[in-house]
């Protein structure tokens, strides 16, 4: 791709150059100028497309898996989302993976660990649990749970619970791209829980309080493994009365590692945001790919100039550097979006950039 | 003070040396060996003494001040605590200052700022408030509030409230020792509160949540200015069911800066600890001076080998490097101790040391 | 790829499942168990192969480019290395890019900036220079130079200098994978140098000294833009007399940001290592891809069980998690390897792992 | 001290109040308003006075100690400096200690450690050494050496060396104020040096280079224990050609921990600054106390409005918040000032403040 700009490659193919390129190829080399304009883009050009996965379409497919495979055979019974612009990558946006996992009462997935970081957002059901490094947590709708890089984890649903669907989010495709993934199965298949249920919530979930008198937490992820929906939503509501929030995101909170104030894990972060009744935000764009799940209410987002409607439990994605803005469809009720992203990776590598839309009062004019 | 140990000073005075010392004095100098053993102690030798200030003795004295001075004349109407081993220093232990401030309904102290860091723990009353850099907070018993280094702050009690007593804690004597204190009065005498009441609690008091979408907090102190008693005590109770806590301190939580997980201010930290019914801790000692206030219940502490009984609202101090252990007097109810200390200063300067008592099952045998 | 291990996917295709998979595909989704074993590998499985690019083969090809394209047309006249296991990716190992750039006296490349981080190691020539954000540096053989993320940079060779060949290293392919690259051309085409030549070396190249009295350096990369070969080699020689070094790497030094002690840039790091006369190291492996350039001497490395011989100016690569060990061919002279890698990215994302070879005295038995 | 300003204490003594104050005193308490204006100063009011100790006066006194006490009896044979405004504190300025230690060839001081941090600047002599945690260093004029908090250290002069005088600087008086000092004698009296002489210089003294391949340095002080005069002065000279330096300090470099870019120790920092021929700086003031030693040349400083002349080896002090500016007396030669201070403590506790003199072209008009 030639470009007629000073500093960009603009070399015409000639027979002599083609012979030269062949000669280079035999030495496992190539002329930079033949690809430079492609590999040095003026700005990010993600192949990922904005996409909505509607829960009303996905739910029956997910439930159907209950009859088609057992967790033992499947490892984990998950229907995963693949971006239409990234066929064959297993990614839902950027290098993020996400899927919907389903379990019947009494089922469980065996304990394992991996170098990739995982998180879960509970969509529906009652009586599910996850055990992370021996700490058992009860899971209910809207709860957010992490299973960080290197931790043992297993999941299940109590015999007396409901069939449960939760959303998984992982960085494993990125970690694979970085040639850094590891996987291990736990010798016992199922971990013994050696502490009271939800102990990390009791110890690390107090407001502005951390356990004192010991060594302190120094692992590179949050010691708070579960963020309960009840206190999370209460916090959003209180914050909406105390602050105008962000022009681009309404009342948005980041789930943080309370021992550092940083993201819950090194590679993945997660946020929860409330759009007030009638709220429509302004557009901005940033590096980093984001997966949104509608936790409450309904509305639409304008992403890269097109409108995408959503309602509860729908999942949609915003590719890196795509303009995006959100609107609550209701004039009476708030709407809440859960999201996870690779923005912590961007920031750790000094690759985060952000820009507000200057034109048109800061809002896109969507193409219908 | 001569010592007969290799490496320690052991020089006998002679007439010749005394003449030499006088000669040195005329050049604003001295022989190190005349003071070396004193200024290089084997271990900390605090002049501060363990002391209890009983609220039943202090309260009438504090209330009496209401009739004796106005806040306008006094600046602030505070009865301060002075350690019996440190007469003339204005310090209650180490270089920590603490006092009991009293205000009638409708009174207020004018807005000012200083380079020293301050904190407040509410002892009794209803309807008090403090404003920190324009953020107004309502104060009730057991609430913990900070007014950090460099912030504007003013205090008062609403006309419809009660006469209120709170405890002040400051590092100002340390800051004076460091020749680094500054003081300023606000041009308006009373700050206008420009945000909803208790907004910092709404925004920064969520469990594992921080406001996202903006620049982030980067001041060297907590953005959460008030830690409410209700949620604090609830956290202690939950934690007591989830953990055995510390052998030396029971269920202890540090009030932290949620944006960093570190202490609320650079120089001063604060903790809250619950002693379970019947609990008696083991002894340890550490560098750093601590001021305790009994927030709930009664019991005793053994400090440097002596027993000190305490009950609600009493204040007591533990000097640096003094052995100390705590006991709850009740077999049915928990007891709670609020404390503040200069331990963050110790840690920032790499001067924190800690040691457990090895002998006698880890507990002191108090002298009665 | 089915695996018969508890916790791994092991589902046989059936007509019913195949219909189901097609149905999922229509909803932009897939069953995780069809790919799980591939995307959750037991350990890193890099497609990159260990490879040596011999300078005696590459040099004539690089010089030939002088006659085939102008820098104006090419943007930059670089012959880049492509890993035989990664055809079509433009990468020499992992997502690292490297190439050999050549310039005649009097030529220059115009000023530009990008979000990717770049570094240069000077192979041969005299009179080259680079200008980074207005700071001009003279470049000679063995010098190491950085042009960090976001800085303006342009390069050239003085009219009185030699035809110069240097090696470029960039993270741009990784940054593209992360959808985070930006490119800009400088309005002036060539930057004016506004400070004395090599000023960053004068100011930040002192041993254990940093400029005081100003604001301090707070950009996320090293303020020392050039690391001179002379002082670098002198440091290696001194260190070889003061330390046994690393069993895996001999006397190895990391080029660091003197303002933090961390890597020179957030994504890329660089090291220089001396193998003493006769030295043969032990094998280890780690996550992260490494590109080595032979700065002095000759020897061989055993990588993933095969021996690769090298001599001065050869370039070779070690993929992530490949066992590797190095040997100096000479019993009299030292050998020196320059290397750059994405290890800082691995560490920033908590993905760095390292392992020593336990068997066979810690050394591989190469297949010939 | 009453003040007639809103917000300041302004209470007249009355018989009733005096009875009240006595009553408070019996409860180990006092009325804040009786001392508030003193303990909350408008700005730092150091008792320390600017002072010069002339080496021509001190040197004979220091040498005289050789005949009066042995190192065995004295512990260390040091003549220490005491600020005329701080009689009885053993401090030369603020809570900084400094003294001149003298040793004959063949003498030594036994190995010990303390929680206070120490540094040394070599004034005159040849053949001295210090051993820090087993690392032996040879000391010559102008070398700067640290013996951090908690390290074992012993000193001596080789039998074939000269009588040596060096300056000691310690934070021990501050550490005593913080009730945090510890002292221990080494079981062997003299440490065995277990590494090559000056190994920390070889390993950590390279420009922008740190040892790689191991665990990395994580102690809270510099791994580079000695900063050699030769390279230090060379760095100043290079920097003077590359930068205009600071308007207040000329070409000033901070001695840093190369593993962090921070100060050499947590409590104490040190700088070296070159005043170019004819240079006269502007005045500023800051919190933190500074002890200067003239390493080269002569000149004067204006401190708090008075002029203090100095020449090689003189020592002078600038109290906290005192205006100060420096002038080189020579129009041909540079002058160099070594200094150490407690500024790192100020910064760690967020107490550092700095201000430039606005009036009179930024320079004081000294009173003669």
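As written, the chain order gives the labels A, B, C and D, with residue 1 at the start of each chain.
In the analysis below, a contact is a pair of C-beta atoms (placed from the backbone, for glycine too) under 8 Å apart; a residue touches a chain by one contact, two chains touch by 3 or more.
Just so you know, these numbers come straight off a predicted model, no measurement behind them.
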item: Those chains which touch chain C and also touch chain B; value: A, D
item: Result of counting contacting C-beta pairs for A-C and A-B, higher pair; value: A-C
item: Separation of chain A from chain D, taking each centre as the mean of its C-alpha atoms, in whole Å; value: 52
item: Distance between chain centroids, defined by C-alpha means - chain A, chain C (Å); value: 30
item: Separation of chain A from chain B, taking each centre as the mean of its C-alpha atoms, in whole Å; value: 43
item: Where chain A touches two or more other chains at once, by residue number; value: none
item: Interchain contacts (touch definition) - all pairs; value: A-B, A-C, B-D, C-D
item: Chain C contact footprint on chain D (complex, rising order); value: 195-196, 198-199, 201-214, 217, 222, 224, 227-228, 231-232, 234-235, 238-239, 241-243, 245-246, 248-249, 252-261, 264, 271-273
item: Chain A-touching residues of chain C, taken from the complex the two chains share; value: 5-11, 16-17, 20, 23-24, 27-33, 35-37, 39-46, 48, 51, 53, 57-58, 61, 64-65, 68-69, 72-84, 90, 94-95, 97, 99, 109-112, 114-116, 149, 172-173, 175-185, 189, 220-221, 266-267, 287-289, 319-321, 342, 345-346, 348-353
